[in-house]
Every structure is written in C-alpha cells, then in structure tokens.
Amino acid sequence: MNFDYTLFIPEYLLAALAASIVALDLFVPNFRKSWLSYIAAAGLAVIAGVSLAWVNKQTNFAGIIAIDNYTTYFRVFFIGIAAVICLASGRLVEDQLQHPGEYYGFIIISTIGAIGMAAARELMTAYLSLELLSFSLYILVSFAKFDSRSNEAGLKYLLLGAFSSAMFLYGLSLIYGLAGSTYYSDISAFLSNGTSNFSFALLMALVLIIAGLGFKVAAVPFHMWTPDAYEGAPMAITAYLSTTSKAAGFALLLRLFGGAFQVVQHDWSWMIAGLAAASMILGNLVALQQHNIKRLMAYSSIGQIGYLLMGVAGLSHDTASAVVLHLTGYMVTNLALFVVIIAWYNMTGSEEIADFRGMRERAPLLAGALAGALFSLAGLPLFAGFVTKFILFQAATDQGYYWLAAIGVVTSVISLYYYLQVMREAFVSKPEEGQEFRLQIPYVMQGLTVALMAGVFYVGLYPAQLFSAVDNATRFLFV
Amino acid sequence: MQSVAQGVPLEHFVMLSMVLFSIGVFGVLSRRNAVLVLMSVELMLNAVSINLVAFAVYTSPSLFVGVIFAIFVITIAAAEVGLALAVILRVFRNRGTANIDEIDSLKW
Amino acid sequence: MHSGYWLIASVGIPLVAALVLLAVPDERHDIVRIFSVGVGAVLFAISVFVFFAYELNRGGQYEFFIRWDWLQNIAFLGPHGISLAFGIDGIAAPMVLLTGIVAFGGVLISWKIEHHNKDFFILFWVLVAGVYGTFEALDLFFFFFFYEVAVLPMYLLIAVWGSSSVFPTFSRTKEYSAMKLTIMLVAASILIFLGIFAVFKEAGQGTFDLQTLYAYHFDPRFQKIVFPLFVIGCGVLAGLWPFHTWSPDGHVSAPTAVSMLHAGVLMKLGAFGIIRLGIQLLPAGASFWMPGLMVLATINVVYGAFAATAQRDFKYMIGYSSVSHMGLVLMGLATMSVIGIQGAVLQMFSHGVMTATFFAMVGSVYDQAHTRDMTLFGGLVHKMPLFVFFFGIAGLASLGLPGLSGFIAEFNVFVGTFQTYPWAAALGIFAAMVTAIYILRMMALALFGPLNERWSGLNEMTILERGTASLMLVFILFMGLWPAPFIDRISETVLRLPGVS
Amino acid sequence: MTQGFFDLMAAVVIVGALGVVLVRSAVYAALFLIASLMGVAGIYVLLSVEFLTLVQILIYGGAVTVLVLFALMLTRVRDLRERAADPPQMAGAVLGTLGLLAGFVTVMYETTWPRDNGTITPIAFNDIGQALFNRWAVPFEIASGVLLVALVGAIVIAMHEEGEP
Amino acid sequence: MTDAWVLPVLPAAAFVALLLFSTWLPRKGDWLAILAMAASFALVFPIGKDVADSIGSSAGFQAGTRSWEWAHVEAAGHTYLDIRIGTYVDQITLVMLFVVTLVALLVMIYSTGYMRGDRRYGWFYAIVSLFVASMLTLVLADNLLMLYFAWELVGLCSMLLIGYYNDRQSAAEASKKAFVTTRVGDVGLLIGIIILFTQTHTFNIQQILHMAEAGEISKNWLTAAAVLIFAGACGKSAQFPLHVWLPDAMEGPTPVSALIHAATMVVAGVYLVARMLPLMEVVRGMPELITALALTTVILSALIGLAQRDIKRVVAYSTLNSLGLMFVALGSGAVGAAMLYLFVHAFFKALLFLTCGSVIHATEEQEVDKLGGLWDKLPITAPAFIVGALAMAGMIPFSGFWAKDEILVGLHNGNMTYIALITTLISLPITAIYMMRVVMLTFFGTVKDEHVHEHAHESEPVMSWPLILLSVLAVVAGFVVFEGVGKALGFHSGWLGFIYNLGEGPEKYATNWGLATASVVLVVLGLLFGMWMWRGEAEPSKQAGAFSPLTYKLFLNRFYIDEVYQFAIDKIVLAAGRVIAVFDRTVVNDTGVNGTGDATWGLGWTAKFQETGKIPNYAFAIVAGIVIIVAIAFGYRA
C-alpha cells in the first residue's frame, strides 16, 4: 500500500501559504492590506504551477486519494479560481471587512477541501473534504460581521448545510452498511454482484446522498439557501460560492457516481434527471423576477446547475467530459461576470440591476465584458457558453435524454430574456444627471476582466485543447 | 474477549438510529430557536454514528472503517456546534433575536 | 492560393474589423467611419468576385471549398467531427453577393450615425460575419454557430440605436421590439438545435459535416418527425406566418442600416436554412411536409399584402410587404419543383436588394422629417426627385414590374407553383395585384400630388444615400434585365437537389 | 439480559430525543439532549467500542452541552421558553418526518444486511489507534484542518470588534 | 431587313440617353427622341417590303424573325425553362408598327410646341420614347413572356405620363387608377400565360397557336387561358368592365392622351386579341363573349359621351366607342376589319386629340359649356377637328366610314347573331350625335365666355402641320380598302388581301350596299339631329336634359361604375386590409406572442414566493424533496 505523502505537496503549500498570509496580516500596515491579496494570488499561481508536475501521473495514496489527471485538472482549476477571487477581493476587503489575513486564509484552505473532494476515492475523505470546504464557506459568507444580511446568510447556510450534510452522512452510513467498505472501488465491485435483496436500502442511500450533494451544488429542491447566501455574502464570496463550491460539488459527484455507483446507474439517473429538469425550469423562471444582481446570478446558477446535472444523469465518459467542459466554460464566464460586478460595486456601491444604468458611458470596458459574459451565459456563439452547452446537450441527447435537452434549450431562451434586461440597463439606459463622468477602474480589475474575457473567447472559439485535456481527465473516473 | 451485546440483532441498532434520525429531522423542521435546531442536528449526527458503529462491529469488523468514521463524525459535529454558536451569537448581536423565523430579511 | 481563403476572408475580415474597432478610441468617429466603409468596400469586392468566379458545370460540387478541423476524434466526435468547412454552391453564391451589396450599402447609410458609432459598427460587423458564415458553412455545427452569431447583436443594435414610435392606437418601444425579435428568433432556433441533435444521433457518423450527412440516408419516419423542426425553426426567421410579428415591429424600431441588413439578408437565412437543412438533408420529410408549408406560405403572401394595405407607417408597410414577399419565397420552396425553388432563390436576392433600397430611402427621409407616417407627407417629388425615383424603382420592383428584379423571381415562383398548386399560384398573383394597390397608394399619398408645405424644408438625399441607392439599383436592373448569370448558377444546384422534380 | 439493557438504553435515547424536540423550555431541551447522548454512549458500550463511549461522554457530555447552554444564556431566549411552531409548519414537520420514517421502515423490512452473522467482533483500542494514524492519516489531517478552521472561524466571527457596542 | 429589333431599340436608347443626360443637352434633347422616332418610322418600310414579298413565297413569314436566349434551364434533355427574346413580324405587326411609329412621330413633333417650356420637358420626351419603345416591343414580341414584359412597361409609362402633372392630386389619383385597373387585367394575362406555359412548355406564340389549333391543349385549361388573356386585353383596351381608367387618362398632357388613345396603349389589347384570335376561336363561346362585352362598351360609351362636359372626355369616350367596334369585329372573326379600323382610327383619333389640345392650348379651357364660336378664331384647328369628328362618326367618305362598313360586313358575313349587327347599327347615330354636339358647342353657337373667346388664337405651325397631315390621312386612309389603292401602295391583292392572308384564305372587300346605305342614313340623321339640338343657345338640349334629369345624371356620372369600383376597393380590399392588420396586432402579436411571454413571466412571479426566507421552510423543502423521490423510487421498485 502506497503512503507517498509527497503527492500532497501542493496542499501542504496551500496550507503554508494560508498560514503565512494570516501571519503577514499582523505585520502589514493597515493601508497596505491590499498587498495581501497580491501575495495570496502570486502564491496560488506558483502552487498551481507546481501542481502541474503531476500531469499524466496516475497514482493514488492508499487507494484513498487518487492523484490523476482528473485531480490535477481540478487542482489547477480551483487554485486558479482562488487566485482570481483573491485578486478581485482586494479593494472590497479593504473597504468593508475585518481580518483580511483570515479572509484570504480561509479562501486558500477551502481550496484544499475542494481539491480533496475531487481527489477522494473513499467516502470518509470525501466527506471530510466537503466539510472543510463548507466550514470555510460558512465563515466567509458571514464574514461581513456588521452586515446583518451577511450574518443571516451565514446562519441559514450553516444550519441548512449541517442538516443536509447529516442527510448525506446517513446515506453514506447506509452504503457502508451495505458494502462494508468506504472505498469507491469496493462499493462498485460489491454493487456489481446484484442488488436485489437490499435494493430499497440502496435507493434510500442514493436519495440521501443525492440530496446532500444536491444541496452543495444547489439543485432544486435543495437550492433554497442559494439566493439568500448569495445575496448576504460579501460580493467576492458570492463569486466564490458560485464557482468553487459548485464545481467541487460536481467534481465529487462525478468521482463518486462514476467510481462507485455507475453499475447501478439505472437506479439513480432518473433522480438526477428530475432534479435537472426542476432546476432548469425553476431557476430560470424565478430569475425573471429578480432585481438584485446577486440573486439574479444565484437563480441563473441554479439553472446552469440543471444543465450540468443533465450531463450527470446520463453519466458516461463522453457526458463526463462534456460536463467538465461546460463547468469550466461556465466558471470562467461566471468569474468574468463577477469581476465586472465587483468592480462596478466597488465604484457605485450598489448591487441593484437598475443601478447598472449608463455603464457603457461610465466604464466601457466593464460594459463590454458584461455583455460578453451575459451572452456566454445565455449560450450564444463566439463565447464559451455556446460551444460547451452545445456539446453538453449533444452528449445528453446521445444518452437519449431528448426531453431534458428540450427543456434545457427552452429555458436557456428564458434566461436570455433576463440577461438582456441586465444588458439593457448597462447599454440603453443613460446615467443619471451628473453621473456621466468616466470611472477610473483599478488596473487589477481591468487586467482580470481582459484576461477572463480572453479565456471566454478561448473556450468559445478554440476549445480543442481544453476539450482533450478534459477528456484525458475524465478518463480516470471510471477505473 | 466476549461482547456484552450478543443476542441483540443488528436490525435493532439500525432501527434505533433511524428513529433517532427522524426525531432529529422533526426537530429541525419544527423548532424555532436556532440553538435548538442545532441540537436536533446533533441528534441526527448521533444517529449516523450509531449506524456506522453498528455496521462496523456487525458486518465488517476486519476493517472497522465505521468506527473511525464515527470518530470523525463526532469531531465534525463538535466543531460544527462551536462555529454555529459563534454565528448565532453574531446574529443575535446584530438583530437581537435567535429565532430563525424572525430572521427572514433575505427572501424572494 | 487556395480559393477557399476567399470565403475565410469574407467571414474573417468583419470579425477582425470588429476587433480592430475595439481598439479605436470612443470619440474618433471619423476613423471608425472611414475604416468601416473601407471594410465594406473590400467585402463587396470579395462578394462580387466570389459570385462571378463561381464556375458552372463543375459537377455541382461545392466550390471555394476549404476545411479546417476544429474538434475531432474526441468524446462522441469522430474524424472531421466538427470542422470549419466552408464552400458555396449555386444557391449560396447569389446570397453571398447579396450580403456584400447590402452590407456595403448599410455601411454607407450608417455614416451619419453619431451615438457611439464605434459600438454600432462592432456589432454590425459581427452581424455581417454571422450572415456570411451561415451562407458559406458546410458544417452543421458552424451553420448553427453563425446563424446565432447573426442574431446575437440584434438586441443592442435595435435597442440602442433604434427608435420608439407612438401610433394612434398603440405604441412600440425599441426595447420591446428588440426583445421580441431576439427572443422569437432564438426561441425558434431551439427547434433547429433539437433537430441537429437528433440528426447527429440518428446518423451516428460522429460528424457534423454536412456533405457526410447528405450522403447518409435517414429513415423516412425520422425525416418526417425532424423536418418540421428545421422548417419552423428557420421559417420564423423567414417570417413564416404566424411567427412573423417580430419582423414588422423590428423593422419599425430598428435603425436604417439594421433594417436593411435584417430584411435584406437576415430573413434570407431562414429560407436558406430550409434549403440546407430541410430539403437537402431530409428530402423525404420535405416531400411529406411541403404541402403544409405551401398553405402557410400562401397565407403569408395574401395576409402580408392585405396587412400592408392598411399601414400608414412606411416601415410597417415595407415590413408587411416583406412578410408577403418572403411568403413567395417559402411558396417557391414548398413547390419542390426546379422552377419554383429557383424562383424562391431569385426572390430571396431580389427582395433583399429591393427591401434594402426601401429602408435606405425611408431612413433618408425619416432622418429629416422624424416621422414615417405617409399620410403626413405629400408631393415629396417636388423636394426630393431623386429620392422619389429610387423609391419608385424599389416600389415597382416589389410589385413585380418586368425589367426589375422582382418580376423574373415572382414569375418563376408562380410558374413553379402553378404546376402543382394552381390555387396557391392564383392567390399569389392576386396578392401581387394587392401589392400594386398599396404601393401605388403610398406613392400617390406621399410622393406625388401637391407638395405639403410642412415639408418644404426637406433636402435631397445625401451623396452617400445616393451611392447606396444607385448600388442597389444597379443590381435590381441587372437581375431584371439579364437574369441568366443568376439562373444558371441557381438552376445548376437546384437541379441537383434531392427530391426536386 | 443484554436485550433488556439495549431496550433501556434505546428508551433513554428516544425519550431524550423526543424531549429535545418537544419540550418548550430551551434549557430542559438541552438537558434532555445530554440524556439522549449519554444513552447513545450506552449503546456504544453495548457495541463494545469503549473508546467511542469515552469520546462521546467527553465531547458531548462536556464540551458540546456546555457550549449549548452558554449559547442559550447569551442569546437570552425569552424566559428560556419557545413559542410552539405555527400549525402549517408543524403539519409540514409531522408529514415530512412521517414520510421519512415510512421510508426507513420499508428499508428496514425489505433489507437483509449482507455479511451480517448476528455476532459482534469487538474492536481493540490500539487497533483503532493504529488505523487512525496509518491508513486513515490523511482523513485525520483533513479533520484537523476542519477543526482548526472552525476554531479560527468561530473566533473571527464572534470576536468583539472595536467600535462595536 | 430581318433586324426588326432595331425599331424598339432606337427609342429605348433615346430614353436612356435622355434620362441620364437630358439636363445637359440642348433643348433638353427632344431632337434626339424625335430623330430616333423618325428613324424607326423609316425602318418600318423595308420591313413592310419584306413582309409583302414574303407573302407569296413558301418561306412564309420569316421576315424580321430573330430570337436570342435570355434564360434557359435544361437538364437531362428536359427543358424546365426557356425564355427567349425574339421578334416576329407579320401583317398585323406591320400595321401596328406603321401606326405606332407614325403617330408617335407626329405627337412628338407636335409636343415640341405644346410642351415648350415645361419644367420637365426632357423627362417627358424620355418617357414618351420609352412608351413607344415598349409598345414596339409588344407588337414585335414572338413570345408571350416578352409581350407581357412590354405590356407592363406600357402600363408603367402610361401611368407616369398620366401622372405627369405631378402637382395635381387628381393626376396622381388618375395614374394610380389607370395602373391598378389595367393591373387587374394583367393578373389575368399573367395567369393565362402561365397556364399556357405549363400546358405547352413554351412561350412562343406561333407554337402555342399551332398546338391550340391542333387541339394539343386540354380544353378546360385552354378556355381558362383564353378568358384570362382576354381579361388582360380588356384591361389595356379599356373594355367594359375595365374601361373606367381611360376617361381619367386625359389628366395627362393632351399629346400623351393622343398617343395613348390613338396608337400606343389602348390598341395593345386589340393587337393581343387579334394575335391570339386563332386560339380564342378554338374555344367555344369565346367570340360571343368578346362581342357581348364589346357591344356593351360601345353602347355604354356612346350614351355617356352624350352628356360629358369636358371636350377631351367626350373624345375619350369616343375612343371606348371605337375600341368596342374593333372588338366586335374581332369577335366576329373579321381580323382585317379590326385592323383596318385600328389603322384609320389611329389617325382620326390622334387628330381629334391634337385638335382638342390646340383648342385647350388656345383657350386654356376644356369645358364645352364655356367654349363656343371658335370657328373663326381657329381656322386650322376647327376644320381639322370637324374632319376628325366626321371620320369618327363614320360619315362617308371619311376613313371611318369604310372601316366601319367593313366591320358591319364582317358582322353580317360572320356567324354572329343579328343582335350584334343591330346593336352596332343603333350605336352609330348616337356616336354621330355626340360628336356633332362637341363640334357645335365648341366651334359654333354663341360665345359663352367672352374672355376665353377674346384671347383665343391659332397655335403655331409646329403644332398645326401635324394637324393638317393627320386631317388628310383621316380623309384618305380609308381608301386603302379599294384593291387598286392597295396595289398602288405596293400590296399584292390589295390591303385586305394582304391582311386576310393569315391563313383564312383571301377575302375581298365585298360591299353590302344595304348595310352601307343604312349606316350612312343613320349617321346623317344623327348629325342633323345634333345640329338641330345644339344650335345657337342649344335650347333643345337643355329641354332634353330637363325632360329626364335622371337619365341625364346617369349619363353624366358614367352610370356610376367608377363609384362602384371605388366602393369595392375602399370597402372590400382596404377594409379587409384594416381587419387583418388589427387582427395581426391584437390576436397574433398581443395575444399570441406577448401572451406567451406574460404567461412565463407570471409563472416566475408565482414561483418566486417559494423562497420564504425562513429556515424551517427550506429544511422542509429538502425533506419533502427526499420523501417524494423516495416514494417514487420505492413505488417504482415495489
């Protein structure tokens, strides 16, 4: 049995980075706190580079944690997201939050949890990693201590999170009781011998697990916390919620259902399909009614989750690749959009969509990026959304899920409506009197926007390399 | 050494944990005070631990993962309580209540 | 040099132009204008070249063919899974030419745009690129890709640079029209989306390459199921009744150049899609469903013509006449006969040029008068004789006067239709008479008669508008007097369409 | 005799749990919680995993309960009593719980647990230690990470900032 | 001279030249147009010679027959579409060519005076050239599509010329009316052409005729085609019921009216029917239909002519009258008679209009009630007009008489019933009466308006010479009926032999003295009655008007046919349009499209309230979700 601790060097580095950031916080003078964000981002970038060393190495730690392309892909992915979030939150943290050191620390630590979720091939580890991520998020969501909305969001998220993770755990315990082991491989081996005389227990376990993970990725009807948490959390954390926590949820979902439960796919795929349909419909319908950009993003993310679940329902190597591809494209787009929103929020201090008015006049770059990101989310071409969604839907159709694909495209039209409403504020409405002047957007934000939009175009116009990388990664899900 | 529990079938333990779990769920659904909701969650977690241990000792003692798992569950539960209480205190300080149905400024 | 690069250029140049414009500072309107006009001219030149360089009697394979593999041998995609395959046949050739003409005209007309003309032209070029791409793409994925690219900029183009209008009984805000247009078009493309999925899965070739898919023989039952998806999906963009209402409202609210491109080219994408995806891909489905389409098309023709008689707003009148004329296109397609489809394609070109002229003219008078209510005008001929001349030519073309492009097109459609659906043809010709009524009514109201003193301040068209109008006029006459170049190209391809008698 | 002991412990657990969810007074609920958790500890004894028993008693009987009571005090629950849930909520709670319970019962009756030979194989203290620090070292590290996060987080959140009433 | 295509090309070229450059040309380039016109007129003679020679020869009518491919679709030996540009010349064509070019030439010359100094002088000549060019194309076309092509262009030009005075709303309306009305007929024509094409897969007229005579076309389709084509002819030649546009057509400049009425436009229909007559005769009942409508037109127009006040309007109705006669002839199969009448009619009708023109030019007044006693004022115009009037009335020995007599003979010999003959005879005196009325009221009787009378003056030579020439022609043109004259002019076997040699075998001019005398008597009576009625103060006429005011009003208002049509257009077409427009907005758009949107929006509105913000509800949602899925799963499994 292989106990090679060097496999976790990136995680150790992350932990060290978090600790050093917290320590640095004590020495950095108050008016230089923004340095922390740069340092964190730089460190994360380095670590991402380091973790590239494991590309195409397929190994594992005692069968508990697999370090394969899948893990590496998500390592880089999560670390990258964390870096972006750190950079984007610099100004925000200075203005509104205490304890910047801890703030960045938690973001970095939570990344470890996310990576663990992607890497674990064993239930206990998966659960603990999930809790690591969740705990950090509970704290980050309620980080704006004097903002009662932030506390409320934190409380809701925490209580419901604990509740649903209890459900998840109970499901795990049942699975353990059946299979007598927590290793995915053992479970899958066990289930492949036929499930006739404990099928009810299995179903119950699957439902509970899906509920727990559904909560994490915010699938209807386990989505209720999402809008409130999004709205209450500090802006940057909303972005983090909508990216890393969702992506990690899917990483775990794919790993678990691919590694352990694919043999009983016909038992659970319809559940996921149902959740997918519900999420797509409800998310996009309710999003029509939102006036707060964070809530809008929350509901639109619920809709997007629906699309992704569609791929999970017909889980296979192809669909897994498609899901991860769409996940990537969606995350990049989402980050771009949130960077724009954060920058605008830093300038105007408003989260209302109506206050986007005149963005074209006041911050052309942001406005352009906003339009691009929204088009991408709506799944229009030239941008990431079109290609990834197309491939995802095609994959689902190949698995026979015509009706899901139909719901998917219909709802994406609905989504186009509210995205266009946002765009209308930014481009059509004129700024109020005396507000026509240009805003000076910090260079960090400008750079981030451009870089992320470049990413959106890259995925949208030449996805070949990314897709093959993803395809290599997902190949290891089903061993 | 000989166990004290010979004769009690596994089903009893599982049944117990299921009942306990359901009660916990009921608590979460019906209680209004955040702290009490938290207690109910604790009940659910304990139900889980019972399950895990029972399965471990009855069905897979060779590689008693269940016990380890139970330990972790307990740990996490404790940590959860601590964190939750901190948040509850923060909420109480900002709003003067810990009643979760009065904490609904975020909706729709 | 590989001839396919011409097509790549026709798509790439506008996209690059859009990128370049991004770098131009907001306030340098002059640079934007000159640059854009240059790009427009180049595109026009390329289109003309491509049209005339299209060689006849090449056994009907796609010319200017070029293929860049984009995604292949991955996941469910086999070799050539998704490839950037461009090429044109005798049907696409006139469409490419049309795009060049209208785009160039649109740029000239848009010279006078002041408000953020940089943004305008960025979106404009994206739109143009999409149109070219759709006409040239030979890959199902990229066909749809560019199809959507062409729809994408519409919302902003209309909502930002458009105009809201209030009518006695109702009003149309530009935001409303823009939103309706975008949503309806994208909603329609849902059906195409699903159709594409189904086709790919059914064929199981692991490729979206159209020529491969054409070679595959789909099960007739499957074709009957999927064909309506394509036809309705594309039909909405072609103004198919009853999904046409985006079109008149959209035109009324859109800025001149957008109306031109929109009625002139974008609506043709729909009809083109019906040929590419419908007739070519699913011939059995086509022969099964076409009678139904014929009924709808006839409704289109008559309905649009009658609705146009009741309009007072120039653009509404033209919008509804577009509905009527696109109905003729659909009618021609629905015949599944050589002459009919050939007439449809001719009509696509003719209507494109003619409507573009219409909108250009209306724009030139609207910019001065700030109203489009034809009952308020009168005797414009005394102030703007040239305007009236061009406007009249367009009008006569639209009522199918021989010697202008409209006649030969409509005649082909009618002949083709008459062979199988005499009643439809008769109704169509009757509608052509109604067209005469409303066109002449409009002329008698607004253009001739005593000058309404209120408009004594109007000036003749600007030099650029004259340029645009003359450009269009040349092609209206060209096709009207010597249609052979068009008919040869089109018929060569149409004769090879599957299931066409 | 063991069966009897099990029934006793089960009764304690259930009654305590019911007390937690039903009793009006928050403090009583907390006390009921202690009772119930101790019952669970008893169950562990019955399952002959003494180590867990100790952990249970220490963590729950000590830390958790004290924390909970502190929290109750600090949040000054109105005279430590709680209004009953309003009817719709209560109905929902009952329905949901019963539904879940029904599901569990079905599972119970339909399932034969594999490899269940009806006998317990007790697990020795040191085996647990061995496993925990060899094979399960990684989860252990993650768990410690979670604890650390919770600790720091709790402090950061609850800490009294300057300029705060 | 096989290159007949040159004839239309010359004026067409003139049109293009004038359109582009007339502004910079001396005299706006009218000379260019006139030269082109003269050239094509000159070219008629060589062509005529060829045709005349080719009659005897076995080669048949190959003169001027040329054809080029215009659009061609063919595959695997099957020809889908074959449109050609080609000319075909035979006697009918020849007559048309001669008439058109000559009249047009005279009109153009005349216009140099009449239109001098007009704002859009160059435009006028440009359009007239195009007008003539398209008319020539029409008569030369060897296939129906090309014919239709020219047909529509003729319509367009007539519209432009009628609406020439574009600052008059009335002119705009009249042009619209003319175009739309003829368009109604054109729809028929187009459908007819398409029917013939789908049946025969060719547009070539001769082939179609042969197939029709050989009975290779299914009877029903043939009938449909014949009727529809005749509808087209009705539209252009202003036969009842599509005659309403012609009288309004005098909104245009008078020379244009002359052109339209005499040469270019209205006779197109006559030409078409004459051309397609073999086809029409195959169809049973077709000749009767033609005759019936034609007679209706004759009587109607004659009666209306009695009451009109506007001098040009009267002449306009006289045109309807004449056209009716031509169609009567065609109906009875007397092509020669029809063409002869067309031939002479061109001259005296042009004469009448041009004289009207010079009267109006002189007095700037066209209400007959305001004119009067102009005989001494207008020494050239007055007699010229009277000549034209008598010719129109069919007074011996004016040209009108011979032609009309031919028609009567044709009716008599033809298989048509006697009702036709009698009706025609009845119409003669009426014609005479209203022509006389105009003459009396304009040139004799008392002067009603001193002012007008004062500054009336004869118009300049350039306008008078055409009048004189036309007057001569109006007198002598009829003599061609005599074989000698025909021979003298170089036709073998005389004019009629020439015309009739269309396959029906030669037919000589057979005078039917009974008919001739009858007609003469009737005409003379009519004239005398007219003289008496409108002499001096025209008392009797007033009494007549007072005697039955209702009839008078009926005549005056042209039997209210226009009103009926106007009603039809307003209340049916436009109303239907309004209904559909409202339907489109309210039902299709506001209900269908917006309705869908609103429904979706409403769904969202109701759905958003599941987000209550209360933790227990959220938790309940989770549990409910689980329970539901479990229930489904277990139910499915059990």
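A, B, C, D and E are the chain letters, set down in written order, and residue numbers restart from 1 in every chain.
By our rule, a contact is a pair of C-beta atoms (placed from the backbone, for glycine too) under 8 Å apart; a residue touches a chain by one contact, two chains touch by 3 or more.
Remember, it's a predicted structure, so these values are computed and weren't measured experimentally.
Touching chain A and chain E at once are the following chains: B, C, D. The chain with its C-alpha centre at the largest distance from the centre of chain E is D.
Chain pairs B-D and A-C differ in how many C-beta pairs are in contact, and the one with more is B-D.
Remark: the per-chain Cα centre closest to the mean position of all protein Cα atoms belongs to C. Measuring from the averaged C-alpha position of chain B to that of chain C gives a distance of 65 Å. Centre-to-centre, using mean CA coordinates, chain D is 103 Å away from chain E. Separating the CA-averaged centres of chain C and chain E is a span of 37 Å.
Inter-chain centre distance (chain B to chain E, centres taken as mean C-alpha positions): 99 Å. For chain B, the set of residues touching two or more other chains reads 14, 21, 24-25, 28-32, 34, 37-38, 54-55, 59-60, 68, 72, 76, 79-80, 83, 87-88, 90, 100-101, 103, 105-108. Annotation for chain D: residues touching 2 or more other chains are 85, 89, 92-93, 96-97, 100, 103-104, 106-107, 113-115, 136, 139, 143, 146, 150, 153, 157, 164. Residues of chain E in contact with two or more other chains: 597, 608, 611, 613, 615-617, 619-620, 623-624, 626, 630, 634.
Two chains count as a pair here when they touch; such pairs are A-B, A-C, A-D, A-E, B-D, B-E, C-E, D-E. The touching residues of chain E, counted against chain D in their complex, run 616-617, 620, 623-624, 626-627, 630-631, 634.
By the touch criterion stated above, chain A contacts chain C in their complex at residues 317-318, 321-322, 360, 364, 368, 371, 375, 380-382, 386, 390-391, 393-395, 397-398, 402, 405-406, 409-410, 413, 416-417, 420, 423-424, 427-428, 462-464, 467-468, 471. Put simply, chain E touches chain A in their complex at residues 597, 600-601, 603-605, 607-608, 610-611, 613, 615, 617-619, 621-622, 624-626, 629-630, 633-634, 637.
Here chain B touches chain A in the complex through residues 14, 17, 21, 24, 28, 34, 37-38, 41, 44-45, 47-48, 51-52, 54-55, 59-60, 63, 65-66, 68-69, 72-73, 76, 79-80, 83-84, 87-88, 90-91, 94-95, 100, 103, 105-108, going by the rule given at the top.
Partner chain E is touched in their complex by these residues of chain A: 155-156, 159-160, 163-164, 167, 199-200, 203-204, 207-208, 210-211, 214-215, 221-222, 224-225, 227-228, 267, 271, 274, 282, 285-289, 414, 417.
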